[in-house]
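You will see chain A twice below: alongside chain B first, and alongside chain C after that.
And now, the complex of A and B:
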């Protein structure tokens, strides 16, 4: 309710400011002024430098990648790569039927989802616990952020050392009578990956949840206290609705990040990866840089691009980021 | 005023450009003869692998070589380093596609076929060989992986790093062993005698999680049993010799129990550390570059190098050419980029670093053996003698662009077997299935290579 009125207020303000400016430049199309001017006179040309960079850095490589996915490009044809034989969709067919791509997609998506499902409550709990001021809160908050600040490579190296057969984790578990088995290979490696991912990424959820909590108006707390709401009801019906936005953003970014995460599995398990953790980025990497099948791996990368575009699209539709920008004008 | 100054500037620029052109013209005319290459004002760019063990010494070596090169040719050398084969591959890819980049690359031997397949490097003509000091100056065995045949060679041998094993003389003696094993079966028997889990001593030290070692064992045992893995256009990983090799390699852990159970998580450096602490009889699959480390360790003076067994598992004496397959032909080659505009200068650099003195100097600093034949003969360190002998008994891995994939497939069998290894046995059917998978992947890659 309050957000709606806020956006409405903003948009009217924006509209009026736009309407005020442009008059002197275009006296000839006065009749259409109110509708058209706000778009026509936006100095879009100022976007050119940025737009040009975007084209060079994002669009051109993307198109090249798509082009490559149609080529039979390997170390034998790399030198004259433009003239590598064009084989249409064969790379896609091979990626989907004759390579472990589908298995890799399944592993990547399921592991990302599991890690997210655990990190979200953890993040909320951490945020709620450090919401009210207490002595040493700043220290606790900084400690919570440590895993997030550490480079992925360092996190993975330290965990790999701890998970080595016969290393600290094994001996700790042995001392309480548990034989944990292998961490870095075999079926358990999948859970190792999830565990390390949770450790490394929960502070991100925590950060966003914290930002959501900060936006809860003081009056709302007061009002709910006046109504006699206990902590759970207050949390469930008053605070959580505020967190919905930041948390769905955390979920989306987290999923994309996990699916694309290369460093963590690469450093933890090495290549060739055990088949239980042969994730999408690892598979693409091995296909490209160990087997030198650049065309095939471009096809794999393209498939994974589509894969991560789906949740992104769903999310953008759901939060209507675009609509929030243009409520007064046209698309 | 403004015009005047810019005109002045233009005049200076033109004069400078003319002077430079004159310089360039002069150098080509004087460098055309057989005499030393004149590279005054030029800069040669060289890409080498960074030395993880001796970073400071490597920097010093760069400075020294650059100074010597400058004295010889007047040109500067700019060194760049890469940390892994993948880094290097990325550099090669960009350079190959864009046609610019380093003039000289240093390549691991097993990576040479892949690089050769890109056709981005100079295949040396007789004339080119003369410029680097003649083919005869090299240890002839080291030329085995320079190209697909003697007429088409791109890789110029720089150093040899043959694989040998080190043994702890005290542990062997205590177990009543007077001579290191020469067959794989004997090795296992000796290792059993030395293994004593109560003191944490094991017969063999090797890393099952290493990114390279496992396939080298499989390759060696298979070749010694008469299967060179690649036969023309056919890959033979589904051969009994290969399976036997895997069984022997896994058997050290599961049946003979002569390696530390933790070695399923070890890389080669962990194995070196175990041997260096005096907890292992044999250190498998090591090179002379472990010498500086071992000489500073608890086993200093108590160890010796020797060739690894050359008698295939299950046999009593080396069959066929097995005696000459003590190690893969290993080391570094240097290649000159095809796009380089200063190839003569590049060859002059290669000539310098492969000269007898420089090769001996390099050996002293980094432990790698010379590829220069005279320098190899001149080595008089008795500890290194077995390693030098092995350099002459090394066999090249198959020269095909598919080798990278085949190597990966061989390694993958071990990676996927590690959970079984940790449980104590690798059952026959799953090993068979993994070999079948490796065979089909490797064969597909070989098909692409011969297309």
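And now, the complex of A and C:
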């Protein structure tokens, strides 16, 4: 865990060298070795605007946040945060022992996993169903992506209305004889959140599964047709193996998105959220901007960064940064 | 849903065309009825809530609260009241201003950055590429407090008021949009042939000249995609906007969220207005998506970020 957090920290810290680099290096831009990429007359100054921006708005606040996690900060000392009392790791101790942080981590991770477990089959089903050409396929493909395109705050507002007591979902369930109880409060709110998250994010899995299906060679189809494979066996043994890569990618990115998702639970349940949906981002936000325990919140944010670093590390290791060191070559 | 049934019907009509029948049979993944079921279920899943937004926006608030799907009374009045009651007029103006300028500036900056990353070799190049991917996943909740403190410090130490203005949001969104926009441009520029650049260079064009006269006109689809993603980031954000704005600089997202949250209490909430406002906030995004769908889908799978 600690190594993961180190690497994530490093990748952001290395960015600081990015803005600093062009200045000292641009005078000696003599060619050293030639690969596919040019080393002469490099316009490295073009990196300065973006690099500067990222240093000021990402790297500096990141360091500031780590510093603040060691301070005793409240709404009174925030104005003079530089001179706030330094209390070492006490915020971390409090976050881990005396706050709902561990519960929030458990909620965040379990909800992300449960949502993924459902979105993956849905995404595969959608991709498999729209792979073969038929009339109206383009329309259906556009429809499938609508939940993904709608802004999260709109999705949350709409579902919040539909899940109100006595509102459309309740009356639909009543008509088939089910009394669902409260959706937006109490233990059931956790499942409400998962339902809405599934609705909003299955198209992403669908997209990646579709890109995987497109890489299935035609010969493979012919071979399984010659063998007379049944559709289910063909899917299971011939087509699905092609989806392994895209789906693992979808899984990792989806997990990152779900764990980081603030807007959906925030708008769906409001703050203070019911304790059954007090996810990591919500808890961090509430600790800052409702309880004004800024130091504690910074410590929580830092711990959540460590949590994020695990899938992120796997993702960064798996992704190919350069197309076999030949940029400008095949895409 | 009806499309699904025509799709199944069409299979047999295709059989008459020579060649195409065999082709279709070979690549077919699902039997017809199965296909129809999946398509119907998924379309219903998506379309019922979407249809509900519109139907509830023209319904009466009591009708929505009673759980009607089809409104018992129609009225488009909500669409005229939301501009002042929800504060959507100011909200949308601010959203367009902030997200729009973020889109333009971020697209231009990311093409310059991506150009250097794709065409030139320098130390730290792969690190920057990896950083671009990694930074997309830095949680917003981690950044919001330090950025807020940084911006409010600039008021007390430098005398520049950032919190509460659109500038603070613009700079923040621009920064957080840059990693993904740059990544989109990197994948796009890799596909461009270098011959034109070399020709321009022989004619004596400078680095900047090559970028502006050759790369920019050739890569406009990539520029549009990276601009749209930056736009969406600003348009969809609630976290930073809820902390760093005042009522007069509020974006549409925050205006809607505040309006929704303020409806808690005794009386029947203004559901109709909430749904109308939701639809108005979603419309620009959906329209942008429909226009540029072909390019956007490629960008989504390339970077895998909303």
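In the analysis below, the second predicted complex is superposed on the first by the 257 of 331 C-alpha atoms of A that agree within 3 Å, B and C clash if a C-alpha of one lies under 4 Å from a C-alpha of the other, contacts with A are read in each partner's own complex, and residues count from 1 in each chain.
The rule is simple: a residue touches a chain if its C-beta (ideal position, glycine included) is under 8 Å from a C-beta of that chain, and two chains touch if they have at least 3 such contacts.
None of the values given here were measured: they were computed from a predicted structure.
Contacts of A:228 after superposition on the shared chain: neither chain B nor chain C is touched.
Of the two partner chains placed by the overlay, neither chain B nor chain C lies in contact with A:177.
Once chain A of one complex is fitted onto chain A of the other, the partner contacts of A:211 are limited to chain C, with no touch recorded for chain B.
Applying the stated contact rule after C-alpha superposition, one finds that A:292 touches chain B and leaves chain C untouched. In the superposed model, A:275 makes contact with chain B only, not with chain C.
Once the two complexes are laid over each other on the shared chain, residue contacts for A:185 go to chain B alone; chain C is not touched.
Once the two complexes are laid over each other on the shared chain, residue contacts for A:164 go to chain B and to chain C alike.
In the superposed model, A:79 lies in contact with both chain B and chain C. Touch counts on chain A: comparing chain C and chain B, the chain ahead is C. Shared interface residues of chain A, touching chain B in one complex and chain C in the other, are 78-79, 81, 164, 166-167, 270, 289.
Taken in their complex, chain B has these residues touching chain A: 86, 89-90, 93, 96-97, 114, 117-120, 209, 211, 261-262, 264-265, 401, 404-405, 408, 411-412, 415-416, 418-419, 422, 445, 448-449, 451. Touching chain B in their complex are the following residues of chain A: 74-76, 78-79, 81, 164-167, 181-182, 184-187, 270-275, 286, 289-292. Within the complex, the chain A residues that touch chain C are 8, 11-12, 14-15, 17-18, 21, 25, 35, 37-39, 41-44, 46-47, 49-51, 53-54, 56-58, 60-62, 64-65, 68, 78-79, 81, 122, 125-126, 128-132, 134-137, 139-140, 142-154, 157-162, 164, 166-172, 174, 199, 204, 207-208, 211, 218, 221-222, 225, 231, 234-235, 239, 249-250, 253, 256-257, 259-260, 262-263, 266-267, 270, 280-281, 284-285, 288-289, 294, 297-298, 301-302, 304-305, 308, 312, 315-316, 319, 321-323, 327-329, 331. Across the interface of their complex, chain A is touched by residues 3-4, 6-8, 10-11, 24-31, 34-35, 38-39, 42-43, 45-47, 49-50, 52-53, 56, 64-69, 109-110, 112-113, 115-116, 118-124, 126-131, 133-135, 137-147, 149-150, 152-153, 156, 171-172, 174-176, 178-179, 182, 187, 190-194, 207-208, 211, 232, 235-239, 243, 253, 256-257, 260-261, 264, 269, 271, 274-275, 278, 281-282, 285-286, 289-290, 293, 297, 300-301, 304-306 of chain C.
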